[in-house]
Every structure is written in structure tokens, then in C-alpha cells.
Amino acid sequence: MKEKRKSAGLPPGSVVFTGSQKVEKISIHYLQYDADFLDEKNYDNHAKITFHQSAPERIDWYDIRGLHDTQLIEAIGKTFNVHTLVLEDIVDVDQRPKFEEYEKGIFIIIRALAFDKVNEVITTEQVGIYFRKGLVLTFQETESDLFELARQRVQRGRGRIRTRGADYLVYALLDVIVDNYFLVLEEVDDVIESLESELLQHTDNSIRERMHHLKIALLAARKSIAPLREAISRFAKSENELIEDSSTVFIRDLYDHTIQIMDLVESHRDTLNGLQDLHLSEISFRMNQVMQVLTIITTIFVPLSFLAGMYGMNFDNMPELHYKYGYFILVSFMFLLAGGLLFWFRTKKWL
Amino acid sequence: MKEKRKSAGLPPGSVVFTGSQKVEKISIHYLQYDADFLDEKNYDNHAKITFHQSAPERIDWYDIRGLHDTQLIEAIGKTFNVHTLVLEDIVDVDQRPKFEEYEKGIFIIIRALAFDKVNEVITTEQVGIYFRKGLVLTFQETESDLFELARQRVQRGRGRIRTRGADYLVYALLDVIVDNYFLVLEEVDDVIESLESELLQHTDNSIRERMHHLKIALLAARKSIAPLREAISRFAKSENELIEDSSTVFIRDLYDHTIQIMDLVESHRDTLNGLQDLHLSEISFRMNQVMQVLTIITTIFVPLSFLAGMYGMNFDNMPELHYKYGYFILVSFMFLLAGGLLFWFRTKKWL
Amino acid sequence: MKEKRKSAGLPPGSVVFTGSQKVEKISIHYLQYDADFLDEKNYDNHAKITFHQSAPERIDWYDIRGLHDTQLIEAIGKTFNVHTLVLEDIVDVDQRPKFEEYEKGIFIIIRALAFDKVNEVITTEQVGIYFRKGLVLTFQETESDLFELARQRVQRGRGRIRTRGADYLVYALLDVIVDNYFLVLEEVDDVIESLESELLQHTDNSIRERMHHLKIALLAARKSIAPLREAISRFAKSENELIEDSSTVFIRDLYDHTIQIMDLVESHRDTLNGLQDLHLSEISFRMNQVMQVLTIITTIFVPLSFLAGMYGMNFDNMPELHYKYGYFILVSFMFLLAGGLLFWFRTKKWL
Amino acid sequence: MKEKRKSAGLPPGSVVFTGSQKVEKISIHYLQYDADFLDEKNYDNHAKITFHQSAPERIDWYDIRGLHDTQLIEAIGKTFNVHTLVLEDIVDVDQRPKFEEYEKGIFIIIRALAFDKVNEVITTEQVGIYFRKGLVLTFQETESDLFELARQRVQRGRGRIRTRGADYLVYALLDVIVDNYFLVLEEVDDVIESLESELLQHTDNSIRERMHHLKIALLAARKSIAPLREAISRFAKSENELIEDSSTVFIRDLYDHTIQIMDLVESHRDTLNGLQDLHLSEISFRMNQVMQVLTIITTIFVPLSFLAGMYGMNFDNMPELHYKYGYFILVSFMFLLAGGLLFWFRTKKWL
Amino acid sequence: MKEKRKSAGLPPGSVVFTGSQKVEKISIHYLQYDADFLDEKNYDNHAKITFHQSAPERIDWYDIRGLHDTQLIEAIGKTFNVHTLVLEDIVDVDQRPKFEEYEKGIFIIIRALAFDKVNEVITTEQVGIYFRKGLVLTFQETESDLFELARQRVQRGRGRIRTRGADYLVYALLDVIVDNYFLVLEEVDDVIESLESELLQHTDNSIRERMHHLKIALLAARKSIAPLREAISRFAKSENELIEDSSTVFIRDLYDHTIQIMDLVESHRDTLNGLQDLHLSEISFRMNQVMQVLTIITTIFVPLSFLAGMYGMNFDNMPELHYKYGYFILVSFMFLLAGGLLFWFRTKKWL
């Protein structure tokens, strides 16, 4: 969140990039298609692009990766007549997922998740999707090709994707990101399982911290997913003419997936809470055991040591010291005493 | 969940089995009946089946056990004109229970529960039910005959079942699975009771883990039951023409059962939480007792040992050592001191 | 719950008694009345009864105690034309309270509570009430006369009860049971108060268990009361012609009582949770005190004992041993040391 | 609650006083006014009163203090034609706050709070308010003049109160009681602050109990305030002709106050919970410190004592004893050992 | 809250300042503008101001800082015809944020937050905003220029602000305050992070208190933000003619920000709770470690000391003492014993 509020206090609609620059060069991928036609271009130097929209029966998809050049964003916005509040949100990279209908188009924010296995944290990246009839604009923070699977489907012409409108393409893009959530949560699940098995073997100092960080990570994931559920629900229920009736059943299916993911997140959180409770009672239990050992040793030897101390005293008149078998009697008594105490501990179930 | 996302990134409607194969051979059980007629067949080799639907006044019920052969599922889907999203859900075996109306039929997912007494976990199996006028398709992951009791009712012609439509058969199938939840929860209840009685006798290391796992099991059960309640509520309220008015009272009764089951799950969870609290305070209490024993022993003998050590010193000039009754006076004093401390402990309620 | 699922898997409407038989002989009490007329009969042998309904302007009330004879229940059901789902619920004695309107009558389930002072548990008994114009059937599990106070009111002709319809009688019966909840919760309150005062005096082993069981008891009570609230709300809002407008104000009053009772249960639960927290911190506090005593004793005497041990060594060359006042100097030093430590403890507020 | 259920099982509308008698003599204060006219009377002996209602453009306000004389209540009820359920609620002094519209008037229950500084508990008193056009009846349990401030406003003719109807007077009465909640919660806040500062200084035994009781007190306050909020919301939204439109803005203001009070109660509860957590971790922390002192002392002196014990043995052949500087070497070694241990503790941050 | 209830019991609409006076002199800043015109004045002595409203197509904005002079507030209220309940709320500085529509204008309360880095508390200041066509009145408690950024935008004529109505100015003012919440929460985030890193290094006494106070601070922030969300939602949905349609999209954007801020507050609270749990388990863990050291030392040396004590006894007949190598055998045995115990500890993972 650290970089966020560069824009604090600026007038609304100010296009200010609030993230930290994650890519050196902005790259733009362009795809134009209809059922029979496919054109694809990759621009590393965006100065050369002429943004345009082709005939409305075709679909133009610009995939912009890298958001730090706000002039470019503003230029795109101008070309395609996008509301300035949308442009502001695209480059303000700590937005909650949302679904917003504007007069001329629909704007969706979604957050892509990734699991960093080394630090066991979940990283998120904001993805902005703007579409209208025949045009889809996607804005990513990084170079990673989040939409690869969807793009391949377009390229291969598999499935319905080539014959449907922009709304179906947007659905497919969202679907790819939401499907990825399952993979991230599976990795979280693996970590939770490894934590559980470690927990039952030893109380390593680091387990606590790992559980704490995983919990924070799940909180972050939940913060991305909960509003997404709502946004996709509004997508499914929207009566906007940009969304064809035949797409609704698919968006509803996507909505089911987000519910399923929320369930998973909640159940991971519950499991993690259970582990923390288990961990705490594990520590308590071990402390108890340590205390028992201490108590047993002390309780046996302190009285014996006292007896030994007694007969180490230097009083002139200590008759026992002069008994012929005094020493042996005492040692025998000590054995009896220790044995009696051990027996008592056994009845108390401390041994 | 591990196998789940084989299908991640595939286009919607892709029929990909996401479970682990649980049966070697797919078996299909076929039942055709009306009030006066009954035909029954068991196929071990599904290649021989010609799927078909008889006259609409009869009911055809295909019970497919084993879902790994996606070609078979797709063939069935094609024969009976089932939406591809339904087929995808049938073989994607980690779905939440749901109720969905399609143009040509109704699709229900429910999860059958079973309690594994050895490991004290609840296992779940996905059951998909698709029906339309005169046709019921059920899809199970395993060979176990979940619907035996309902099938017997059809075979014996008992009750209303033979004279009613497909919706009533589906109700009966759901009822059998939901009734089984009660049995599973009873077994959970037995384990909770045994845990409680063990807890009050000793703090065995394993109790903590068992409670933890039972809690996870109840979470899993809840995850299956909570959305089911909602699904059955929608079943009861649906105005689909496939559901006859006379069936509604029964489905509402089924809905009451799911509420009752949720109550049971919640109360089991509460009881389990109570047990965990009890367990923790039990450990604290025992630690307290151990500490008291340690403290009493130490507090009595450490001063006595000190006194003994004093008179074990080798100073040339220690007059007490040469008193005739010095030793006896000291021993008497030690007894008094110990007695006084014991009395003090008693006033503090430590004994 | 143990006996519950005898009926699991049976077709709906199967009349199966799921409780444990609590009475040896079924007894039936019959009351027929209108404003000017009163007839009362007690049957110990139900074979002799001819169930019938008199002229509709009179009210017939059959109070059946003992539910294990399902044939009798079915016979009554047949005589008065009661839906089989109602009959099933009457003898399935683990139902949630509910309010259900059938075509020909209204069916209410309520659970009567009783507090067992010896074991400090709350026992519940299912009561089924079915009524239509001029007819009230009540079904209890045990012989105890739950409705005594309402019956007396009918017998004495006090209040409105003789001039009103079946709906008012049902209201009066529910009112008697709900009023009894207050008495039960008062007894729970007494136990909580006694627990609190005991808690502050000593940490007896049994307090934890008693608190645990009381908590479970309150959970059970809540499970009976929460759905009752809902059921009575539906009773109050029902527009069924069996319920006269003039009764609604009373049923709403009853509804207020159930809310008040839920409040009481919740506040008892909160108090109990508060007690458990208090108990835990009490244990921690006492442990702390025990540890302080241990630490003070150890910290004072261990260094002193060390010094004594030093001068008990047998080195040939230990000049201090031969000083004339060596012993006395050491003893004085020991007093000073002990005093200093005690002073230090006082500044640390350990004394 | 102890006296509550005297009325258990009685027919509805039975006027039974369920409180403990708090005043010896019932006193009634009577005020009659319109914009230009004011008449005031104080009756200690209610036998002398003739209850009546003057011309409808004037307002008659009877303030009855002391509720144990149910005959009086019934007489008033009869005179002014009050529904028996209202009369029952007036003398049943453990009601939840509520707002009820009857055919002829409106009945409101509110609970006045007071903070008992000595015992740090919140006491509540039920106040019943019944009004219709030109008539206001208020019923208090005790003699304390809760409505003094409102009465003074009437007497002085300040503000709108003299020119408005009965609904505005009722609003003013409720406002006085709700305003008093702020004072009570301020006193609770003072106690919480004093608890916090005490907590950080010492872990006195009594703090736990005080926190526990304060928590119970806040629970009680919440039980009085939460339903009040709802009741006043219904008051504000009511379309009863007894409530003038011009009063609504004030009642809505009152509603805002109840929300604000609920916020305060919740935030006090949260603060108190925070304090309890702080207290628990304080105890744990101190225990930790005590344990460290114990461990340091033990760890240093036990090995030293062992060494001293070694050279206190009486073996014939112990060459070290006869070294000239044996004693001094040993003492030096002991200093080194103790110093080394202290250094080790410092690296472990125990010192 | 301490000063709050000066006004308790006064008639509604009484203008009583309930805060503590925070500024010595009231200052008023006046701004009059339309698209082409700008007039600005600063009054330190408010006696000289003639409050007035210019032509309705211009906007007059009076920014009053300092609220203790209730006569001034009443005069302003009279001049601009403001409802007395609004005036009461303006000077009653512990209000919840709210949005209220009056006949002649709209009144909004919002609380400005500030983070005090030294004490790590969040301070709040009430801001009242009243507007109608062409007039905006803002009321602040302190001299700090909260609205500086918005004022600059007006002065520079940047953005839409000069061409829009009073509603847009109010939106801009609210936006400035809400944007500031992000900065405050960032500072809270910094403190949480520093707490986390400190926590993992040492368990300083003060960390607990800091966490406790930060939690209270977040509670306070939440108390200001939660009702604000609701107020702005009502602002966005209001159909008041004072709010132009073109402003709604901006107010909805503001609403999104408040939701985002609530999310942040909740996630900070969750993180803080996680830290507290971590802290507690940290303390437990360290206690466990301390206990292990204590137990190891005690368990090794207590038996050895006992043996040394044994052979320090002065019995006449102790044959071992006279063995030639008795001493050396004993010392060797002691080494073996200590080594064995260390090995046992290692198998128990205590070392």
C-alpha cells in the first residue's frame, strides 16, 4: 500500500500511477479476430502503435502490460473515449475488484493472485478490463502473460470463443484468472499440510511465524476474492446490452467458482486457526511434561539430599553416626523413600 | 482437492474428470418402471448399453457408478441432450451442492457423507442427479450402492414411489442421502462422547490431535451441508413444470431435515469447542497441581537443607556444635518448621 | 439422539417411534367444552376410547401421553384425517420446533424444558399439537401433566378461554410451556450464581466440568428455543382462517416472550463464558502466586546453602575457617543477604 | 429476575406485580397543561385522586411511582380504557423495551439505567409510558424523579413543549431517559480507565472480578438498549395518527442517539475485552519474569553448590584438598563460572 | 467523551458546545466563486463579517474554524435559516457521521482523522457541512486547514470544480478528508510493521500496551468510518434536487473509497489480532525454553549434589570413603550420569 496515496487530494479523474514500476518497458499485445479471421501483433515500442477499432463485427483486443506511463494510458483513453474515472482506477493499483457500467462501456477490476513458495506469501496484481462492442482493453501491471491460456484458445479457434462477442472474451479472461485461484489455494493447502505434520513433531520457533504469515496471506486473498464475488454477481445479473443472453449461463458458472473459492479460503482459514490452537495446546502440553520431569527429580532428590546434609553435620553428639550400620540403614531408607515417591507419581499418572 | 485443477484454463464445458479414479470398472444400473411395470438391468460392461428413453409415462433411471470414462459421460450427454456445463460439473468432483434449472432438465449436486471410524474423518463423495420428465440420471464416484433403500422401495412397489413422476424419485434419492447424514453425525457424536470421557481421565497426547481432526471433519461436513440446504430450498420453491405440486410438501420436509442437520453440525462443533476449552483448562489445572507439589516440597526442604548445611560447616569456632543436645534441638526445630509450613500451605488451600 | 434414526431410509410418512419409551402405559385425557358445558374423561386403557369430534361449536381436546404405540397414533390420524407427515413428526421425537399449515389443520411442534438439578442438565421433551376448528390433539412423550395450568383454567372457566376457539386453547397451551422456560432459566441462573461464588473461593476440579455441562445445556435449550421463536412468529403472522383475529394480539405477546427467553439464554451464555474466562485467569493467577512463593524461597536459600556448602569443604588451607568470629560473621552476612533479597522482592511487588 | 415468574401460568392479561416492592408508599404526580394553562398536583395518598381526562386540547400527565398496588393499576386501566395486556406489562417489571400500538393508544416500555459506583454495577428500572390524544400515563418502579428535567421544561414553558401534543411530551420523556444513558456510560468509561491504569501497575486479585462484573453490567445495559433502538425506530416510522408529522424529526434525532449509545456500549465492551487480553498477557509476562529469576538463580548456584558439595566429601584420598591454593583456585573458578553464566543469560536477553 | 453531556436534559435544538475549546480565536475563511469570478477573504475577528448569500449562480463558501462561540453559530443559523437540530449537532462534537436532508438544505457530519505518531493514537475531529443551492457552510473544531487541497483547486480553477454547483464542492471537501484516511491508515500500517519486527526480537514490556492502544485506536477509527460509509451511500442514492445527476458518479466513487478504507481498517485489525496471538505464543514459547533450561540444570546437578552430599556424611563406618580410588570412581560415575542425562534430553529434543 506504501505508494498508494501519491494521488491523495488530487481532483477526481487524475490519472496517477500509484504502484511501484514493475516492468522496464511497456509491451502491448494486439489481437484482432472474428470467426474466420485472425491478426496478431506484438509491440515492444508503443510509440509505433496506432490504436484504432476495426469493423464492429470483429473483436480488437489490446493487452497492455506495464502501467507506469500515464500519458500512454490517457492517450488510449482518449482514442477509445473511456471515462476518466476508469483511467484513474486503471493506474491506481490498489483497487478492490469491482464491476462498473459506464455509458459507453463496462469496466471490471480483478486481482490476479500468485503464491510465492519461498516466502509463503500471496502476491496480488491488479488487472483492469474495459470492453464495449468489438473492443476489449486489458491492463496488467507486469509482463507475465496472465491470459496465455485464453489467447491460445482464440488462436486455435477452439470452443465458442471465436464466434462470440467481446463479453464472452471478457468472461474467458476472468475465467482464466479465477481458475488460477484454485492453483494458488492448492499451494496454500500444501503449506498448511506441511505445517501440520511439522507441528506434531517439534515446536520449532519458525512455525509460529509461518502460521502467522500464512494467515495474513489468506486475509489478503480474501480481500481480493470477496469483492470479486460481488462484482461477478453484478456481471451475471447486469442487463446491459453489451452482455448477450447466451453468455449469462457461463458468467453464472464463473460466479459459482468464486463462491467455491471463498469456501476454500474460509476453510483454509479455519484449518489454520485449528492448527494455531493445536500449536498452543502442544506448547502447553510440553511445558506440562517438562514441569513433571522437573518436579519428579526435585521431589525425589531434595529430601534425600536433606538427609545426606543432616548426617554431614558436625555436631559432637550425633549418636546415629556411630552406629555400626547407620550408613547402610540410611542408604536403604533412601532407596525406600525414592521408591515410594516413584510409586506415588505413578498413581498420579505423572510417569 | 489435489487432483482438482486438471481442468484449470480449459474452455468451459470441457468434460475432464478431476477426481482420483476410485473404481476399476464402471457399472451401470438401469431401472424402468411405472405403476404396473418394472424392468431392471445391471451392466458391468457399458459398451453394451443402448441408452434410450422409453415412453414418457414410464420412468427410466440410469445409475452410473464410476466417472473416470469421460467419453461415456459425453456419450450419455449427447444421447439425452444434456448441457455441456452439466457434464463438466458431473465429472468435476469437488463441486458444492447446488440446484440448477436448465432449459430441458434439472441438475442437482449433492455430496454423500461417510464416517471412517478408524481415522475419525468424514469422507465425502459427489453425486450428480439430472432429471427431466420420465428420465433420471444419477452419477456416483464409487461402486457403493448409495441408493439401495430407494431402489428397494421402487422394486417392492411400497409407498407412493411407483405412481409418481421423476421428481418424486429424485426426492426419494435425496432423502436417502440426507437420512444418512443423521447416521454419520451420530457416529461423530459417539466419538465426541468418548473424547469427553477420556479427557476427564487423562491428558493423553493423542486427544488433542483427535479433537483437531474431528473439528476439521465437521468443517468439511458443514461445507457439504450448508450449500445443500440452500439448494434444497431452491428445489422446494422452484416453479419448474418438472416438479409437481404434490411433491412440494415432501421436498419441504426434506428441507426441514437439512436444517435439522445443520443444527446438529453446529451443536457438535460447539460441543467440540467446549471440549477443547475444557482440555486446555484441564492442562492448566494439572500444571498448577504439579507446580504446587514442586513448590511444597521445595519450600519445606530447601530451608531445612540450608540448616543442615550450616551445621556441616567446618569453622573452628561454632559453639552450637558442641552443645550436648544441639543436634536434637536442631532436629526438633526442623520438625516444627516443616509442620508450620505445612499448616501455612493448608491455609492457602494448596493441600 | 441415539435412537433417532430407526426410521432412516424409510419412505416419508412412515410412522416410526424414534424415542426411548418413557412411559409404561399410554394415558389419554379428554376434555370437551364450550362456554356453558364441560365434560372430562381420563382413559388409562386407550382401547376403550372412541375418538370422535362433537358439534363444531364445541371444542374437543385429546391429550395423549406416551407415543410408543404407533398403531394408536395411526388410528387417531385416520379418524381425524391427519396428514401422514404430521403423524411421522409426532412420533419422531427429535424434531425442531416448527409451525406448519396443512390443508385441513395446523401442526405445531414445541419442546418442553425441565432442569435436572442433580446433574445440572436441561432435559427436553417433544410436544406435538395439532388443531383444526373445534379439535385439539396434543401428544406428549411422558406422563407429566405439562398442561395442568391451562386445563385448570378451562375447568374453572376463568378468563376468556371457555368462550374462544381452538386457536386460543392452543395459544394457552403454548403459553404454559413457554412460561415454564422462565422457571427453567431461573434455575440455571441459580446454578451460575453458585458457580460464580464457588469460583472465587477455590478452583475445585469439578467446577470446570460443571461449567462445561451447563454450557452444553444452554446450547441444547437454545436449539429448542431459537426455532420456536420463528415458529411462533409464523403462527402470529399466519392468515389461516383457523386463527381468529382477536387471538393475534395474544400470540404476538407470546412471541415477545420467546424473544425475551432467547435474550435470557444468550445473556446466561455470555455470563457463563465470562465465568470461564474468569476461571482461566484465576488459575493463571494462582499459578503465578505459587511460582512467586517457589521463586522467593529458592532465591533466598539457594545462595545461602551455597555459602554453607563452601565452608563445609575440607580443604586443608581455608583461612576463614580458623578466624575466631568467622562463623558469626558469615551468619550475619547471610541475614543481610536474605534481608536484601526480601527487600528486592518487595520493590518488585512479589510480596 | 428472581421474582419474575409469580405470574407463570396465569391467564394472559393477569395484572401481577413481578418486582420486589421498592417504595413504601405510592406517589402520583399530576400535571395538566396547554400553552397558556398549567395545573400541578402531588398525591401521596392515591385514594384521594379522581382520575379523569380534561378537554382534549389540554394534556393530562399522570406520573405514577410505585407499582406494587395492582388494584390501583387496574383502576387506572379501567378509567382510561387501557388494554389488559398493557396493564400486565406495566407491572411485569422485567420486560424488554418495546413500542406497541393498540387501538386506543400507544404503549412504550423503556428501561432507565443507573450506575452504582460502589459495586460498579448498572441497575435498571422499568418505565411504562402509555399515551393517547391529550393523555400521558407514566409508570415508574421507584420514587426517584426520572422525569424532573422534562417536567421543569413544561413548568417553565421553555421550548416547544407547551404548544405540542402528547406525542411530543412522550418524546421529551424518552429523551430525558436516553440522555441519562450517556451519563451512565461516562461513569462506566471512568471505571474502565481506572481499571486500565491499575492494570499496568499491579495485578491485584480484585481487578479480574471488577472486569468480569463490568462486563456483565455492559451486557445488561446492552440488553436494555438494543431493543430500545428497535422500539424507537418503530416509533419514528409509525404512521399512527397520535404522532404528528412535526414530531417525527425529533424522534428520528432520538433514534440517532440510541444508535450512538449502542456504539458506545459496543466500544466499551471491546475496550474491556482488550483490557482482559492485556491482563492475561500481563500475568503471563510476569510469570515469565518470575521464572527467569528463578532459573537464573538456580542455574548459577546449583552447579556451584555441587562443586562445594564435592569438596565437602570425606574420601581419604582427595588430592585437591591438600593443594596449598586448592581452595582459592576453586573459588576463582566458581567466580568465572558464575560470570560466564551471567554473560550467557545476557546474550539470551534474560537479563 | 468527557465533556459531552453538558447538554444532557436540555430541550432539543439547544445549541450547546460539548467539546473542549481547541482554538483561542475563531477564524472564518470566505470564498465566493463561479467559473469566471473568485473572491476570497480571511476574517480573524468574526464580529466584522456580514454573512450573506450572493447571486444563486455563484457559490459562497464560509469555512468556520472554532465552535465554542455558540452565539456566532446561532447567528449564522438565523441568517441562513438553518434548522436548530442542525445547529445543535454542529456544536455537539461527538456525533456519528451522518447525512440528513432538511427542507431547505442538506447536512453532513464527517470526522477527520489524524495519527499522533508519538502516542500512537488516532485523534478525530468533527466536521459539519451544510449546503444548499449556492451556499456551503463548513464547521471545524480546530484551526488546521483540512480543506486546503480543495481550496487550492478552486483557486487555481483546475478541474471541474469551478463550473459545478455546491454539491460538487461538498463532494470535493469530503473527498479530501476521505483521502486523508488512507494516509492515516498507512501510518498505522507502519506502526504495525514495526511492532511485528520488534515482537520477533524481544518481548519488551511496552509492546503489549502499544498493541492494546493501537487496537483501541483502530476501534475509534472504525467508529468514525462505518457510519460514514452509510452516510455517503445515502448521499449517493439521494434524489434531492440539490444534488445534480452528473455528481452522482463521483459520489459513488467516494463511496467505493469508504468501502476500501473499511477493508483496510478490518485487515489492520485482523493483522493486529494475529500479532497479539503471535505475541502470546511467543511468551509461552520463551517460558517453555526457560523451563527447559531450568529443568536440564536441575535434573543434572540435583542427583550429583545428592551423591556429593552422601559422601560428605560423617558416619564412622562408610567403607567407600576409604577405598583408594573411591573419589575418582565417584567423579567418573558422575560424568557418566551427567552425560547420560544430556543424551536423554537430546532424544527428548530439549537440547
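We just call them A, B, C, D and E in the order they show up, numbering each chain from 1.
Everything that follows uses one rule, which is that contacts are C-beta pairs under 8 Å (C-beta built on N, C-alpha and C of every residue); 3 or more make two chains touch, one makes a residue touch a chain.
Only a predicted model underlies this, so the values are computations on that prediction, with no experimental measurement involved.
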Touching both chain A and chain B (chains): none
Size of the rotation, in steps of 5 degrees, that lays the CA trace of chain A over chain D: 145
Between chain D and chain E, centroid-to-centroid distance (C-alpha), Å: 26
Computed distance of Cα centres, chain E from chain B, in Å: 42
Multi-chain contact sites of chain A, meaning residues that touch two or more partners: 280, 284, 287, 291, 294, 298, 302, 305, 309, 312-314, 318
Ring of chains, enumerated from chain D in the sense that reaches chain E first: D, E, A, B, C
Chain C-facing residues of chain D, complex: 1-2, 4-5, 7-9, 11-13, 83, 85, 94-96, 98, 202-203, 205, 208-209, 212, 215-216, 219-220, 223, 276, 279-280, 283-284, 286-287, 290-291, 293-294, 297-298, 301-302, 304-305, 308-309, 311-314, 318, 320-327, 330-331
Complex contacts: residues of chain D adjacent to chain E: 149, 153, 158-161, 172, 175-176, 179-180, 182-183, 185-186, 189, 200, 249-250, 253, 256, 259-260, 263-264, 267, 270-271, 274-275, 277-278, 280-282, 284-285, 287-288, 291-292, 294-295, 298-299, 302-303, 305-306, 309-310, 312-318, 349-350
